[in-house]
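The two complexes that follow have chain A in common; it is paired with chain B in the first and with chain C in the second.
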Partner chain A sequence: MTTPTTRAGADSRARRAVRPAPPARPTRRGRRHPALIALAFLAPALIALLVLRLAPAAVALWDSLFRTSLLGGTQFVALGNYLELFGNPDFQNALLVTLVFTILINPLQVATAFLLAVLYTRKAAGSKIWRSLVILPIAVPPAVSAVIWSVIYRPDGLANAFLDLLGLPAQPFLTSPQQALASIMVLLSWIGVGYWMMFLIAGINDIPRSYYEAASLDGASAWRQLWTITFPLVRRPLAFVLVADTVSNLLVFAPVQILTKGGPEGSTNLLMYDIFTRAYTLGDLNTAQAEVVILVLITLVIVALQFRLLRSED
Partner chain B sequence: MTASLAPSQAPAGRRRSPRRRLGPVGTSVLGAVIGLAFLIPLWWTVVNSLRPGDETFRYLNPLEWRTFFTLTPTLDNYFALLDTDLGRAILNSLFISLVTVVVGLVICATAAYGLSAFTFRGQGIVFSVIILSFLIPFDAIAIPLADMFRDWNLQNTFFGLILPGLGNGMAIFLLRTFFLAIPEELVEAARLDGLGPWGVFRRIYLPLSVPALIGAGLMLFLFQWQAYVWPLLMGTDRDHVVGPVALSNLQGQFAVDYGVLFAASVILILIPLAIIIGFQRYFIQSVSTTGLK
Partner chain C sequence: MKRSRALLLAGVAASAVLLAGCSAPADSGSAGDGSGTVRFLGPEDPATFAPVIAAFEAEHPDITIDYTQVPFDQYSSTLQQRLGAKDDTIDVYAVDQPNLSQLAAQGFLEDLSDLSDEAKAATSSAQFEINQYDGKMWALSVWNSTQMLFFNRDALAAAGVEAPTADPAARWTWEQTADAGRAAQAAGTQYGLLLEQVEAYYQLQPLAESLGGGSGITGDDMLTVDVTNDGWQQAMAWYGDTFESGLSPRGVGGFQTAPVFIDGNVAFFVGGPWDVGRFASDATFDWGVAPMPYFEGGEVATPTGSWSWGVNTASKNKDAARAFIEFAALDPAGALATTEATTIIPSNTEAAAKYLPGLEELGGEHAAGVADLITYEIEETAVPRPVSVGYVQFESAMNTAFADIRNGSDPAARLEQATTQIQDAWKKLR
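And then the complex of A and B:
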């Protein structure tokens, strides 16, 4: 009978004998000019990404430092466009609307997706079928969702018909400054919640059953199990979903452009739509570029935040 | 079934407070109600596409069974669609998306191969360029890019519409993850058999990565199919307009044939839906790989 240490020693010696020494081992790198061969494979994608993703961001940054006028030509104004933007009441309103929208829609969508994921991973008749009904709308392109809901929200549309059935008065929805933003949130959640739910269902399914069995034996209620087992163990997918959802909701454009054009009274003037009108309706491309830079920076900060959060957890 | 199970569960469940527990029946009912609520807009769209446009609002006040069913379904709206610009627009969307998938897969797969099968100086930089490219959302930089494309006279061309969809950092990332898992012994054996870098890619990497390729293809397809901002900026003339943009133009008009509008909506939904359902396994796989790893 050998002691554990000697056995381990023999083991590693045996392994060393079988495996060739690292330097002699042929590696995956190409024989002659690995960098050249690799770059040849990478070239089309790299050029595409540099020209079509990074260059426009750089162009926006560069252009945002200039101002073009019909008479005076192009002039370097440093941060002038940014200062002008932050003093502009329309932009201030767009920032405020986007902030309210972001603070409301993301927690609501993620919480709904989480609760539905919990609901649909429980053992119950037809769970899989009902779950797939929630997932179906993810195939609907946002612009198509906007068109469908434009009919639903009409004064004589489906939404008011349901309210009537419940004995509630008809609502103006998209034509009311108080309801328009919420109406847009509903049509976005219809196509969004199922998508985020899929990530969370995958996360919940990864949790070992035995955790719940142990908790049940200890007498923990279903509610307690949800908060002490499920919630902490899907933190990673939850954090990802929250960030990815926030980024995608920062870019909401189609429903605003199709349904409300930012109105009524600027109540749905989200940042993306404000950039669009500034560039094309107002024709102020330089200031619009400054706004693009601000939007990209906000997105990058949110994503960086996620990386930090996830890294510090490991 | 529930009743027969209850007694055997009793000992374990005795200490739980019964009020808070949602039994299997309750779970089922709640799940069904929510599932059906999500289905209603879609169902109503399909039913409306199967009846004449002037009947869209007929059965809404008050709600009745005919709101959600029709006894005389007709495909007239779909045939009418064939003669409109909307039908043409949907074909444009299909063309753009399919070309993007084919060319995009070649570009993204070769890039992923270059990144995973070789080690070279500057690899880190290349990798960060790819990561950064998908951290900057495409829609956010669409306006400066459209400005560049206008200078290059790419407006209202299929080339201009397709180009931005080809290089997809996320798809490259997904394929790279998959490629890194390909056993080195296999590659070495292929090399001893005389395969060069291109041969290894074609004969070893591609055949072994079909699931990842399908996942990446789905990403490329959905990117183009759902695109709205870019086609709105790039191609709005009659020959190049895409489905979603043409549909939203229709919505803004005064005399709208709602039957045709709903028929077009159904097709714009059905095509990606069929593809997602057909490749469900790969879709979920690609979604979870990009999301969680």
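And then the complex of A and C:
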């Protein structure tokens, strides 16, 4: 994040124009091998990348081609684990649930975060306080949030008491295959929307006020201003929020583990939880590695698609 | 130049510290002569085992026990990792009894068959059998458990229902319990019946056993699923109906069940000995203890089992390790010391006889008869969980099925689905 151009104070702008700035007194060795020096500086990051990211990924890929059984030993099965996964009804269900979940939750969360960001950047009484309250749930660890919501969603819990107050019938929430996934989406949005909202608020605050003033003079309505000024100019933070939110929603685990354990009837069995069960409950590490590889591929495809769509609009 | 050399030195020093951290201390005591340090791994708080370790070290001054706790959630996977790597820094470890056959099949447990006679004499037959796999004995039972029917006497009185007693001869049936629970609900109590581990095989196995459905695992190699027979279907239909009819609440998870009873919101609660102390201190109404029910015309069956301790095959100090587990399991004084700092029943029969009156005292007048009841259940009605290398996969699939049936899935179809899931998982074992 830091650049070498910031140290010179007043003339930093001028220097930025002629980057890369030559070092004050380059050594002979440095002049001959600038790449080596650069590499030395990059080494800690590269080593970390290699050891913490690339090596585990390679191990996962390699392991997913083998099968180790308790009584039979280890053998090479090539794509056997992948083929078996795609034939497994539990995996097929997990895949479907994850896709439905991704398609529903991301637009919902991003839209809500955008609308809230617009709302809380208006000059209204106490909007900063409301804003803080919306962001507050991020400070609660996901596991604790899940436990709190497990009490809210109980048949005799807060949610049903609230419905009762409105004269609505009690709902089964997490105990119904039709409502469980939606209930988890609500809980995740309660945690996540405030966080994504912050990025959008920053983006909206960057839009020069003069644009709005000019539009007002031309008689543009607030609605028109929202769609023709705010929305296009906030597109870059919006793209980041969409991609980051998608990735984080593909990796959802704690609420499922704590609230539903993938049930009822597999209706909340997201891929991440299915991987966990396969690896640590069923003890089938190789197939779980194959599933991890599949999840990474799915994530890459979805993110690539999003980048492509957002770019073509430019 | 000076600077870079200093940096280099710092780097070397840092790596040295890291490497030193990785290599385990080499001192594991003198090998094989029953002295030195015994490293003991378990999921409990260190305070729990402090009394038994102190008592053992007092008797064996040349042996030191070094206990390490690994939280229960990570215990099984940590064991798999470390034992799989032939880690000799574990000498003794606690074995969750249903996992014993898997650990033994993997070669992670030392054969203790030469202690069979002493072990048989020291504990109940169910607790002796649970440590057998492939005709050999692989661990010694240290703790045991059972389940009882707790009831809210005030709620029953309000409904005009005469409460059950602690006498096993006057054991209630599930049908009788459900009727009384519904009567209590009609008289104002929120729920009629609740099981503490409401979606767990440990507590639900007896329902099927009582109706002749068996454990769910059969075959010579104990790798044949049998959960679609009449007994299992009938038991699960009954279980599903307790929730469908509102007798029992849906959506109340494992750790939230006991508070429902403590708050006076349920008439009957099936729980363990550990609840006696908890209810004695927290429940403000009149409660009592009765034997766990059975189905009318069926067998009486109650849950059992807890933790055994075994010796790691990779241990370099097996004699001292064996001395320690023999002390905790076979010596009544040692066995009693394992329960000194916690509420659990020692597997050792003699120690249990000394321990149970104290438990009864803890519960006060509410728990009258609990000591005799627990002794009776452990000796006469306990049915252990099945011994199979595939138990872990079986239990996981069954628990998910129980949760679904609780939430309204058709029992017959769901048991069919569980069978397929278990068969798929077991294919990978062979």
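In this section, the second predicted complex is superposed on the first by the 247 of 314 C-alpha atoms of A that agree within 3 Å, B and C clash if a C-alpha of one lies under 4 Å from a C-alpha of the other, contacts with A are read in each partner's own complex, and residues count from 1 in each chain.
FYI, a residue touches a chain if its C-beta (ideal position, glycine included) is under 8 Å from a C-beta of that chain, and two chains touch if they have at least 3 such contacts.
Computed from a predicted structure; not experimentally measured.
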Contacts of A:D156 with chain B and chain C, given as first, second, both or neither: both
Touching partner for A:F173 - first (chain B), second (chain C), both, neither: second
Dominant toucher of chain A (residue count), chain B or chain C: B
First (chain B), second (chain C), both or neither touched by A:R67: second
Touching partner for A:I275 - first (chain B), second (chain C), both, neither: first
First (chain B), second (chain C), both or neither touched by A:T287: second
Touched partner set for A:V140, first chain B, second chain C, both or neither: first
First, second, both or neither for A:G263, with chain B first and chain C second: second
Chain B versus chain C as contact partner of A:R209, first or second or both or neither: neither
Chain B/chain C common contact set on chain A: 150-151, 154, 156-157
Chain C contact footprint on chain A (complex, rising order): 67, 69-72, 88-90, 150-151, 153-157, 172-177, 261-265, 277, 280-284, 287
Chain B partner contacts - residues on chain A that touch it in the complex: 26-30, 34-35, 37-42, 44-50, 52-57, 59-60, 63, 116, 119-120, 122-127, 129-134, 136-144, 146-152, 154, 156-158, 160-162, 164-165, 190, 193-194, 198-199, 202-203, 216-217, 219, 221-223, 236-237, 240-241, 244, 247, 250-251, 253-254, 257-258, 272, 275-276, 279, 285, 288-289, 292, 295-296, 299-300, 303
Residue ranges of chain B in contact with chain A within the complex: 12-13, 15-17, 20-22, 24-25, 27-28, 30-32, 34-36, 38-42, 44-45, 56-57, 60-63, 67, 106-108, 110-111, 113-115, 117-123, 126, 129-130, 132-145, 147-148, 163-164, 166-167, 169, 172, 184, 187-188, 197, 201, 225-226, 228-229, 232, 244-245, 247-248, 250-252, 258, 261-262, 265, 268-269, 272-273, 276, 284, 287-288, 291-292
Chain C to chain A touching residues, read off their complex: 76-77, 80, 102, 105-106, 190, 249-253, 256, 389, 392-393, 396, 399-400, 403-404, 406-409, 420-421, 424-425, 428-430
